[in-house]
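Should a chain be cited, it is by its letter among A, B, C and D, assigned in written order, with residues numbered from 1 in that chain.
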Amino acid sequence: MINKKVNNVKEALEGVKNGMTFMLGGFGLCGIPENAISELVKLNIREVTCISNNAGVDDFGLGLLLQNKQIKKMISSYVGENDEFERQMLSGELEVELTPQGTLAEKCRAAQAGFPAFYTPAGFGTEVAEGKETRAFDGKMYVLEPAFKADFAFVKAWKGDAAGNLIFKGTSRNFNPNMCGAATITVAEVEELVEVGELDPNNIHIPGIFVQRIFQGKNYEKRIEQRTVRQKQ
Amino acid sequence: MINKKVNNVKEALEGVKNGMTFMLGGFGLCGIPENAISELVKLNIREVTCISNNAGVDDFGLGLLLQNKQIKKMISSYVGENDEFERQMLSGELEVELTPQGTLAEKCRAAQAGFPAFYTPAGFGTEVAEGKETRAFDGKMYVLEPAFKADFAFVKAWKGDAAGNLIFKGTSRNFNPNMCGAATITVAEVEELVEVGELDPNNIHIPGIFVQRIFQGKNYEKRIEQRTVRQKQ
Amino acid sequence: MALDKIGIAKRIAQEVQNGFYVNLGIGIPTLVANYVANDLEVEFQSENGVLGMGPFPFDGEEDADIINAGKQTITTMPGASFFDSSMSFAMIRGKHVDLTILGAMEVSENGDIANWKIPGKMVKGMGGAMDLVASAENIIVAMMHTNKAGESKILKRCSLPLTGVGCVTKVVTNLAVLEVKNNAFHLLERAPGVSVEEIKNATEGTLVVHGEIPEMNI
Amino acid sequence: MALDKIGIAKRIAQEVQNGFYVNLGIGIPTLVANYVANDLEVEFQSENGVLGMGPFPFDGEEDADIINAGKQTITTMPGASFFDSSMSFAMIRGKHVDLTILGAMEVSENGDIANWKIPGKMVKGMGGAMDLVASAENIIVAMMHTNKAGESKILKRCSLPLTGVGCVTKVVTNLAVLEVKNNAFHLLERAPGVSVEEIKNATEGTLVVHGEIPEMNI
């Protein structure tokens, strides 16, 4: 077993620098690496490019980095829940590259799996395809999309072990598995760091080979964006 | 819940015809769809193209179809355990397309996921790349490989439910998940068909949407090719 | 009487067939799930990574880790599964999802759709919509026939940045059910009490009216 | 004395470093696992879908569902995982595997390797070898220096169909350890008792001998 465990978020983020590109897992506020984000705010790492499906909300998730003006560029598919984001984008302070959600996921997976680029039908005939190579296969048009390149991937899992194996819970899985191994260094924070051997090898979502550092996360808020419920009759 | 359950292998294979292309899961004899193969022999479906990593052994797995001369063409990565195979290939009776194992897996996954083709470095500069488009990305050469097209995919899982959800065991997983949804009709046979709701939604390897028919398999032999053991001291 | 949002959702629910996997967009489409006939075998997919969505959880039983693409807390039905984003879009791009229902700001007679951006005013992003419309073969748009100023959103050509080209198969608005084919909107049904004339006036794109047009039955 | 297969495996085991994920090919490479120093943190990957392979099972404890790429029954170590073929080659193609050890019929001075086909005689297929050699940055070949007729398999150019081009970084044979760079085989070590002259005579490709060549320490 190759030990990936580090003691805390500080050790886990060693080497992060201004100007780097980060991948961050999560969909909305679900499954975001809360500890890593807090530490990035604390370290005041600036001029960063963030690859993340969303940009958090004004006072949580990546919104915290936005408030602090640490982000130079966002690569996302949907950013509709964040006023500060809209303000910075419309004022030109923030560079934004909007990417279809499935393309975003696959650009991560391509980086993880050693594919340099891939053809997807998403975005053909739209702004998204402008300046990109397009091509017909079997009479249907596709857009060539390159794999992402990133320095760090920050992911959040439910359970993990020192070997770096990860298991995600429910829809907090989302982009997290696709980002593992898609950056030079993948940092996983977990709600529960269990003993090696405790996880069933058959149920592991991400094998430890895709993870360079893992640590036991703390104080998860797991904020809900849209609390929708029904009443018991 | 959309019910995919059929009563037996006969119903599961309804519609198979001479000349069709089949995908078959398994690595060596591990995780092969034993029931589907037996039924293909029984139905004497001929002139078929088989996409399968291996070709079984002389008297088991796809070797049974070979003995019976039902196979026109094999698309595989490794065929070294089968004398009848070698005989048919060298005599020209059998058409063989050898494909690197990772490329084979990804050609299945591409079909499953709606990618028309992909660039892989495997095989560049070899016979495998002859006649294929090649291209440099970041100074490294890649070969363009098209997605597979198949009529039926036959896969074998450990557990499944009527919704078509599948869980595989150990290394019998191999190509099986990648073939699900990669053909027009995916037929899954399972060692244990459990009640819907029994499988943990978090541990499902293949969601039922990729499976058209599922049935409780019978009489699994699960033959071991290389029984390697050590003695207790 | 023009339909309200619930009316539109009810009418679209009639398009859901037995054995369909359905992806519902945010807004009116989300409501469709409430009106699908109980005797149909149907599963709802949400592109953030769940198949077999159920109703909202009971008060107090919400789980922050179980949400839909609208970021709403949800439950799952027996037979449900969770998966990552890559696999979720494998379902969508691979044409395993049978029906996609989504909202739009504009549609055009050749099946183009625009729903993600108003230049200089609003850019929320396309989310999964571009993937959905680029791959799905059965795309129903739920929308209002006109904007608040009374201008048609059923157009010859979309004026807003496109989400997808030539992809919309059907449009259900507060006024009508329209099939999109051969570069025209074909009027299939009228909202109860709405005349063909009213629909014509509210439609900027080419409208084909063939024979007697029945009222929706909702 | 030229090395036997076990000797080659022992020497290659010295190349395995702490923290390495290693893929072992069929044949001699499989034996390498037995000789890796116990105090190293190492995990073995097998491309059929397992990371964290352990030794063979005890007699009677074999599981038909748990095998390696050589179709041998195996066990797993704590921290192991199973996965599908697509993910397995994501590890390989994505350069997450640190060291690839495989056999060969021929290697050439520019780093080409041939190990899957003898035209007209034998075609077993490439299995995962083409994926491995196309992506790995650290490829060690385990092989005999000459064939049974005494002809060199360490060549200027391979005569057999290639598995990969310009990819081999090191070759360990029964006679020598060779580094492949700048279009030549650089002699690093001699098998115990084997002279530089013997190695020269057994090597058809360009052999660079620089200074005193030490004996292997195995």
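For this structure, a couple of remarks:
Convention: a residue touches a chain if its C-beta (ideal position, glycine included) is under 8 Å from a C-beta of that chain, and two chains touch if they have at least 3 such contacts.
Note that the structure is a prediction, hence the values are computed from the model and not measured.
Summarising the inter-chain layout, the chain whose CA centre lies farthest from the centre of subunit D is C. Averaged Cα coordinates give subunit B a centre that lies 36 Å from the centre of subunit C.
Mean C-alpha positions place subunit A and subunit C at a centre distance of 28 Å.
Separating the CA-averaged centres of subunit C and subunit D is a span of 56 Å. Residue positions of subunit D with contacts to 2 or more other chains are 50, 82-83, 86, 89, 92-93, 135. Counting partners per residue, subunit B has 109, 114-115, 120-121, 168-170, 201-202 as the residues that reach two or more other chains. By the document's touch criterion, interfaces exist between A-B, A-C, A-D, B-C, B-D. Those residues of subunit B lying in contact with subunit C across their complex are 1-3, 109, 111-115, 161-163, 165, 181, 196-197, 201-202, 204, 207-210. Partner subunit A is touched in their complex by these residues of subunit C: 46-50, 55-74, 82-86, 88-89, 92-93, 112, 116-117, 120, 123-131, 134-135, 161-166. Listed in rising order, the residues of subunit A touching subunit B in the complex are 114-121, 137-138, 140, 142, 146, 167-170, 201-203. Considering their complex, residues 27-31, 53, 76-81, 86, 89-90, 96, 98, 100-106, 108-109, 120-128, 158, 168-178, 205, 222-232 of subunit B touch subunit D. Residues 19-21, 41-43, 45, 50-52, 76-83, 86-87, 89-97, 135 of subunit D are the ones that touch subunit A when the two sit in their complex.
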